[in-house]
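Have a look at these structures, which come just after this line.
Both complexes below contain chain A, partnered by chain B and then by chain C.
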Partner chain A sequence: MFPELNNLLNITPDKVEQGKLTLLCDAKTDGSFLVHHFLSFFLKAKCKVCFVALVQSFSHYNIVGQKLGVSLTTAWERGQLVFLEALKTSLDIFFQTPAGPHPLQFLREASARNLQPLYAFVQEALKPEDGGEATWRHPVLLVDDLSVLLSLGVRAVAVLDFIHYCRATVCTELKGNLVALVHDSGDAADEENDLLVSGLSHQSHLILRAEGLATGFCKDVHGQLKVLWRRPSQAAAQRDRSLTYQYKIQDKTVSFFAKGLSPAVL
Partner chain B sequence: MPRPVHWSRRGRDAIRARLSGRGQQSEMLESLLAFGGLVLLRDSIEWEGRDFLKALIKQSALCGEQIHVLGCEISEEEFREGFDSNINSRVVYHDLFRDPLNWSKNEAFPRGPLEALRAMCRPTDLRPVTIALDSLSWLLLHFPCSTVCQTLHALCRQGDSSPVERVNVLGLLHEELHAAGPLGALSSLAQIEVTLDGTMGRTSAHILYRKPRHRPAHQVDPTAHLTFNLRLSKKERETRDSLTLPFQFSSEKQQALLCSEPSQASSHIFYEPDAYDDLDPEDPDDDLDI
Partner chain C sequence: MAAAATCGAGAGSPGSVAAAVDRSSATSFQRKGPRAGGADGGGPRLVSIAGTRPSVRNGQLLVSTGLPALDQLLGGGLAVGTVLLIEEDKYNIYSPLLFKYFLAEGIVSGHTLLVASAREHPAGILQELPAPLLDDSYEKEFDEDGCNHKTPDSSMKMKIAWRYQLLPKMEAGPVSSSRFGHYYDTSKKIPQELLRTAKWHGFFLPERISPPLTVEPCHLTHGYMKLLEFIKKIVSEEGVDGSHPQKKTKNILRIGIQSLGSPLWGDDACCAEACDDSHSLTKFLYVLRGLVRASLSACLVTVPAHLIQNKAITARVTSLSDTVVGLESFVGSERETNPLYKDYHGLIHIRQIPRLNNLICDESDVKDLAFKLKRKLFTIETGL
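And then the complex of A and B:
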């Protein structure tokens, strides 16, 4: 996890607001550093994490996680992490008919109407342990990423419904958190993606939007991060609703600074 | 003519403070609920409309109405946050959040959400009813636009036929999720349209009241009640119709012009040359060969 990002968002592994949906959005840049941040953050916070990884392999996240101080292998062995590696699991679907319902069943159906099997997988993975005290703190669902589902033939409304059900179960019922990444192409021609991003934004409590700089690529400033807080609860004090910072990604950390105040230019 | 009213607020606490007493804000909210019909509440990602919807619900409850909420987007617990027990007792929450598509096979809404919505406007008592839709966007994403519009129209018209005084329908709509077509259709159905916007951290609400169309019961006579006489008697009308206009070319005019040819000798030019004039008797056009 990146300590500077924690400071920006005013969270620590010990003090996390529960029951929130955080939307990670990237436009003209790669926002996956935010996924790595939240993965390591919630593992360090001793939460039970269900990670639906649709775009990268387990070893990819493991290598980056080790740089950030968490071992995914250890977490998986302990039962803290439930990892759906879609790249590997999809082979089961493509080359043989699965015995029972499979979370990635939509890959096999000609017109995937809904993502209910995937929701059932999440529900099963995060259901509270029977009897005795819970080993882990509140459950967390992490999805990387949702835009790829559109490319796989799922309608935007079906993805919105899937997140709705996950939110109802994980956030409201189990008082956990949900973090999901979408790509915002900014292209007016892609209506399904726009609908997905807008629909998710309306459901979110916190939106982190990583954008490339309008002027192009730069060695010292990799992009801009816009933070928008929504749906304040009764208890939350009046605070800044939105912040904008620029950032530079380094080997093991990300540094944030106010716009125009990169250390390279000061 | 649309009459925009700017109402700005600073944070949630401000709404509560202003509504707890008498004030301009509660008058404004009352005026939104006075007409009946559909009140369309358009919000966006940055400027949320749920607080405004809850403020309208509170106002309805304070006026003694019963409120039915079709909740699709947030849980009942979260929706009821901020309502005291008095208001909570008047709010009936129809929970479409937990299992809207019946994935758990519990059959909470056996005939679907739209049928549940239609059932809401068959009230058992005669009190005025307010129906709050949180949100209309959810309905539009899951049902065809025409079906939703027909249901809304039926809901709003309920006030005419039933003994209930009036039915208020409050619909929360997320602007970015819909194309211009459905937005336009809902706009035309709405009695009042509230659009939430803001600058510099302050939200403002633009309110558009749609005036009902007036159809005249009888044709108005423009020549009545004047200080001069615009009416024609029968003889005057005949004379007027038979009049020929001066610049109109009729067959009589044509005859008159043709008959006037032979009298050329009646015209003369009298010319007195002075000392500097050079009069040449030769015809300058003589060498032309036409």
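And then the complex of A and C:
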């Protein structure tokens, strides 16, 4: 986790808000550093994490996690982390017919109508342990990333339904958190994606939007992060709070600074 | 070039042992040495595969694309386990060259090749590969072509990268070369004895396709489905996915797929905006990514991106690939007569570089890159 981002968001591993949907959005840049942040943050906060990794392999997250101070292998062995490595599992389901229901069953269908097997997987992974004693704090579902589901033939409405079901189970019933990453292309080229992004934005409590700089590439400032706190269920009597920072990604951390106040400029 | 400078600065850090990042975590980050097994990270040390070298930044296993200038722009080379997507130029003049450089580099390094095309027979493609320039002759080629010394960033600076040569000598072959990245003479064909030693598998779509009697199970275009099954079969046959642990000598599988997404593959992404097979190409790339990640292979795919009608598909194809390079040739455009570009044949855009096993990537500082095909060499230059 990045200590500076924790300060900006006013969260610590000891004190985590529950029942929240956090949306990570990236536009014309790579927002995967936010996924690494939240993964290591929740593992350090001793939450039970279910990570649906659709685009990268386990070792990728593990190696970056080690730089951030968590070991995914240890967390997995202890049962704190349930990891769905879709790149590897997709090969099994794609080339042969599965025996039973498989979380990635939508790969075999022309246009999958719903993501129910995937939801069943998440539900099974995060169900509270029997026996009263809870080893871990509240459950967390992390998805990286949702836009790739659209490329695999799932309709935007089906993805929104899936998130709705997950939110009902994870956030409301189990009092946990949900964090998901989507790509936002900005221009209206991909209508399904825009539908997904706006649908999710309206349901989220916290939106972190990583954008490239409007002026183009810069070596010292890699992008801009817009943080938006929302209250989706209540009437918008108060304005949603929003802050903008610029960031630079380094080898083991990301440094944030106010707009125009990059250390390279001062 | 700035990229070379950052490589030099970065060489200090891999050797040091970093202190524990967080006092509460049990592990402290330690540098174990060059990481093995490509993007997957696991497995025994494999630094001794011919034609590869570990990345300076994180020990990622890299192979050369066949163009040392492009290797430098991509941060040292193409990472094993990733897919390089080349967006073809408008009349498909220069992208076949990059395709051939990639395959020729594989032959010279002794890698196994898998060539897939819907247009030309793979045996024909291999016959057309350029001949490698050996150590003694390449310097002469540079002088002959009258290299422009005012832009020193071109191939002369490639020598800086050769400091990181860690490879042992290759086994005996007609061309014994322990270099990473070679130069090729496009006016000569590859010598036959070199081709004979090469190990390759070809996939020519018209030969493999049979009229589909039933609907495909995963609703991919028939051609794509056959190609994926073929790639999976070769990957497990060659043992690059670690399925033959007793095999001592490991090798890289180079997969080259030409003009993916064109109508010749049976895909109508280039024909209509609202196409029936709108998910075929993206599903194919996803499964290909899964296959390549789990094995010691590197894949180069050329896509006629300018023909794809639906821009959403272009965006999705870009995000599903690891490295994306776009070629824009000046042929037929107004830039052909622009005096600024008179020495060059086109622009090359590095659209995306992956951040593998890392938060950062080796992005080059220079974004204005142009290429030109000299009499025998393909060079990439900057500082227009």
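Please note the rule applied: the second predicted complex is superposed on the first by the 256 of 266 C-alpha atoms of A that agree within 3 Å, B and C clash if a C-alpha of one lies under 4 Å from a C-alpha of the other, contacts with A are read in each partner's own complex, and residues count from 1 in each chain.
As a convention for this text, contacts are C-beta pairs under 8 Å (C-beta built on N, C-alpha and C of every residue); 3 or more make two chains touch, one makes a residue touch a chain.
As the structure is a prediction and not an experimental result, all values here were calculated from the model.
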Room on chain A for both chain B and chain C (clash or fit): fit
Contact breadth on chain A, by residue count: chain C or chain B: C
Chain B versus chain C as contact partner of A:Ala189, first or second or both or neither: second
Partner chain in contact with A:Ser151 - chain B first, chain C second, else both or neither: second
Partner chain in contact with A:Asp251 - chain B first, chain C second, else both or neither: second
Partner chain(s) touched by A:Pro232 [first = chain B, second = chain C, both, neither]: first
Which superposed partner A:Ser59 touches (first chain B, second chain C, both, neither): second
First (chain B), second (chain C), both or neither touched by A:Asn6: neither
Contacts of A:Thr172 with chain B and chain C, given as first, second, both or neither: first
Three-chain overlay, vertex chain A: chain B-chain C angle, C-alpha, nearest 10 degrees: 110
Overlay on shared chain A, then closest C-alpha pair between chain B and chain C (Å): 18
Chain B/chain C common contact set on chain A: none
Chain A-touching residues of chain C, taken from the complex the two chains share: 13, 18, 20-22, 24-27, 29, 35, 39-42, 58, 217-219, 228-229, 232, 279, 282-283, 286-287, 289-291, 293-294, 311-312, 314-316, 319-320, 355-360, 363, 365, 367
Partner chain B, residues of chain A touching it in the complex: 114, 116, 119, 157, 160-161, 164-165, 168, 172, 194-195, 198-199, 201-203, 207, 228, 230-234, 238, 241-242
Complex interface listing, chain A residues touching chain C: 30, 32-33, 36, 44, 55, 57, 59-60, 62-64, 66-71, 74, 86-88, 90-91, 94-95, 97, 107-111, 147-148, 150-153, 183, 185, 189-193, 216-217, 219, 249-252, 254
Contact set on chain B toward chain A in their complex: 11-13, 45-46, 48, 50, 73, 75, 77-78, 81-82, 97-101, 103, 137, 141-142, 174, 176-177, 201
